[in-house]
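Chain lettering (A, B, C and D) follows the sequence in which the chains are written, and residue indices restart at 1 in each chain.
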Amino acid sequence: MPTLSSNRYGKARVRLSKITRLETHHVFTEYTVDALLDGAFEATYIDGDNKDVLPTDTIKNTVYALAKSHSLSSPEAFALDLSEHYLKHAPAATQADVSISMRDWQRMSFAGDAHPFAYNGASQELRTTQVIRSKDSMAITGGIAELPILKTTDSAFVGFLKDEYTVLPEERDRIMATKLTATWRYNTSGVDYNHCYTIIRTALLQCFADHQSESLQHTLFAMGTAALEACRAIESIHMVMPNVHNFPFDLGRFGIENKNEIFFPADEPHGYIEGTVTR
Amino acid sequence: MPTLSSNRYGKARVRLSKITRLETHHVFTEYTVDALLDGAFEATYIDGDNKDVLPTDTIKNTVYALAKSHSLSSPEAFALDLSEHYLKHAPAATQADVSISMRDWQRMSFAGDAHPFAYNGASQELRTTQVIRSKDSMAITGGIAELPILKTTDSAFVGFLKDEYTVLPEERDRIMATKLTATWRYNTSGVDYNHCYTIIRTALLQCFADHQSESLQHTLFAMGTAALEACRAIESIHMVMPNVHNFPFDLGRFGIENKNEIFFPADEPHGYIEGTVTR
Amino acid sequence: MPTLSSNRYGKARVRLSKITRLETHHVFTEYTVDALLDGAFEATYIDGDNKDVLPTDTIKNTVYALAKSHSLSSPEAFALDLSEHYLKHAPAATQADVSISMRDWQRMSFAGDAHPFAYNGASQELRTTQVIRSKDSMAITGGIAELPILKTTDSAFVGFLKDEYTVLPEERDRIMATKLTATWRYNTSGVDYNHCYTIIRTALLQCFADHQSESLQHTLFAMGTAALEACRAIESIHMVMPNVHNFPFDLGRFGIENKNEIFFPADEPHGYIEGTVTR
Amino acid sequence: MPTLSSNRYGKARVRLSKITRLETHHVFTEYTVDALLDGAFEATYIDGDNKDVLPTDTIKNTVYALAKSHSLSSPEAFALDLSEHYLKHAPAATQADVSISMRDWQRMSFAGDAHPFAYNGASQELRTTQVIRSKDSMAITGGIAELPILKTTDSAFVGFLKDEYTVLPEERDRIMATKLTATWRYNTSGVDYNHCYTIIRTALLQCFADHQSESLQHTLFAMGTAALEACRAIESIHMVMPNVHNFPFDLGRFGIENKNEIFFPADEPHGYIEGTVTR
């Protein structure tokens, strides 16, 4: 008889927005929530008996109901409360996994003044969090996703291994472009997640900008180190940094010299670099 | 015998990036170009004789070759030069249609200082242009695409027509959210396209923020009027403004009062509003 | 004073599914509907007076309400009825534009027998229609969208125009790949739209497969001619056929001969070919 | 000093197509390959010394070079050979992870006859494989991804857990729709991967169609059990089955009875169900 060796269920892409009306301005928050449970749910999988299954429709409703009384001061804080609620209300669940991504809505600014209630969707960049909670443990991560960054110099790639299919020229001055995804693991709860987010984000970008890069791997490690130095509350940081190529276009065929000026960016194929830096 | 009543061909999604190295900093520009020709190309369609067809591969190469000596000071300027080149080199073409969208790469800023060569992809917003040129005429448009904007108040929708399938409640205070696409037609060439872009963009956003909206249509017309007032060099502006709904979530079922605070945003279906405002 | 020189509004991406329970099996239909109105709607745009505006929420509800009693025998038939309804219920509208795309759900088949109620989403191909109706005129189109087709031989591209940026080699045997979008205009109403769809689709594909192609343009015209021959009820057909390139990969650098066998497919940039063939 | 606690790099989205010219017809194959290495690459991450790094450009070239002499008889066979090659040519790598997805190109068929060299892209469904290989171990999976399946009856969801936010009605006859992703792990190498793929795919679909479903979880387990019964060469199967909701549309507001006929499909939010069934 086959067995159910792993299982997980829940609701994905639950989209929530909230207006908090302050005296001077409105705060508009938009989250997308994934909430998943795993545990002793064999009865529904094997026997079709749903007595332990909190419906995914309920999991969704809970997001909106809890958002009403919650400050949504940070996605981490909301994920912590949601995950605690789910564990209480679905006794068969041994683990709740709540992920939130937050859109970057910024108040419009005119002549230096922030508008009290008009926003623009400033960036495709997302702020992310994931809380994985069981009865007696909890893992909290914060993160950034989908942030395009690029530098036009101070990036090299030389001295690499060569085999019969290696034709890549050594390059001391190239464009380095990536779409950054970083997730860091907090070593404690109760920290100021918004402050940590801000200083880690700045540390990552400043290191990316200033690093004398010998490879994308080299820069990834330096960025991770900078993040760990910037924020004592995190124990490790995982980064995924695709190498989004900008290839020099061959103008020599037309008698034109391309002095490292004219490129064609390509989304596929792309290099793929990932790594975890741990304190 | 069937006839060829319309025809067009060219290359789409030609992606170009360029580094211009100034003394104090680098300028990084990324364009995506579509270049299409139409004209007396019946020989290839009907007889398979390609003698008049400039290959789409050549159309692509031209983008890179011309970019080398061009300043790329504005997408409009580059589209004008490209379209002129194509008309000259493909004598059978009676019209060249060159569209460019420009990604919003912004120099990173640390402690108030712009970094000399590091950029982040600030927004999904695109700046666009289209030049349609024939031997003796030319139409130039500038534009904005894919810009998410939103306001949390000063938006109403009441007093509308009702029929047997109308259940929408009248609403005096609702979220208004859209993803703005605007294209404006210049009434002359040789204007300062970058300045026009900036003042039109600001006029559109400021009007969106400040308008007492009775409908998305109402705001669209006001925004168009504001753009025409801001910039004398344009004769008309076309806008597409989908109504990206943020629906109040029904918390009453749980004994919770939703005082216009908790919403679910939905991408589909969406309202669709478009209009052209002409001087 | 600026004027409103064009306007249009409605609901887009209205998704509808219906089960029709027959004695032997169920018919499952999934449509996505866009329904747009234009006309004398200046009052809402200019003055914010919505008295003539049938809400887009109502436009959406109407899709579901009419679907209940409608057979949905073809997307054309449903678009015709919807557009008539909208014109009646929004007196300020001078034109209704209803577009429908239909997903290709196919009954699963086991050992040659169609299952009575299980389906798989067979293809990304969509069947499309658009009805544009005013008080005294009507234009009906049928169509196919997003259909990837490809042939590995009988496709050439030689004898083309050359300029200083032309390096493309002449090629007598290449892959021809495209993602077909075709829309044909009916010259009358009341035809058997399902039969027309089937014979036009077959004519297009068979011509694509059998044509000795000298260019994608050449094949486009032949396909259009074949469609007009196959179905007397259409007066013209418009086709968009991007040239989805499969480039030979340069293996010569590794001492390997690539006898037109190994390619890399690329989505961007792509050739773009369109044309209309008229009876 | 921070440490590099995990690392991986390679090339993603390498797209390959190949024509194999048989006497009676052409075989056209299209793969997308991701090839990743991990191992003792600290020198590049920490010190910027790339001497152990086989460039991702080389990793890409290898795909095309090996495809030339390889039969591509199955994606599994090609992934096995690629992974072996990479381990040999990058001595610092302790593990190679090669994933391939194969597009479903089908020969066109006219009057029952398969065309010798014309294809259509039959489905968005992908056949997948992943080979993870180290010096002395190897894990081989096969799979299906992105296959939309749906049934219009024989699906219920009743008797579930209820809490204060549960309003979902019990439902004995509902639409069950999902987009199936399944990956199965082979317990040996050298099996007939194509035959296994075919019989597992059929077993999954037939079970989905015939199962009296009490929940999507219930059907997932039954499908996994059916796959294990159909093919002795696999030891486990993992499935992800989002619950793509088709909600009944409330027509009662208009005095129309919706007898479980009229629905609106929604992509987000969606239920999310996953599980692994092991022999």
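In this text, a contact is a pair of C-beta atoms (placed from the backbone, for glycine too) under 8 Å apart; a residue touches a chain by one contact, two chains touch by 3 or more.
All values reported here derive from a predicted model rather than from experimental measurement.
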Chain pair with more C-beta contacts, A-B versus A-C: A-B
Chain copies touching (chain C, chain D) - same or different residues, decided at half shared: same
Centroid spacing, where centroids are CA-atom means, of chain A and chain D in whole angstrom: 24
Averaged-CA centre spacing for the pair chain B and chain A, given as whole angstrom: 28
Centre distance in Å when chain A and chain C are each reduced to the mean of their C-alpha atoms: 37
Per-residue multi-chain contacts in chain A, two or more chains: 15, 61, 65, 165, 167, 254, 267-268
Touching residues (chain side chain A, partner chain B) in the complex: 15-21, 26, 28, 30, 61, 64-65, 67-68, 105, 108, 110, 115, 117-124, 147-154, 175, 179, 202, 205-206, 208-209, 246, 249, 251, 254, 256, 258, 260-266
Of chain D, residues touching chain A in the complex: 2-15, 34, 36, 41, 44-58, 60-62, 65, 89-90, 157-163, 165-168, 213-215, 217-218, 220-221, 224-225, 228, 236, 238, 242-243, 267-279
Residue ranges of chain A in contact with chain C within the complex: 164-165, 167, 253-254, 267-268
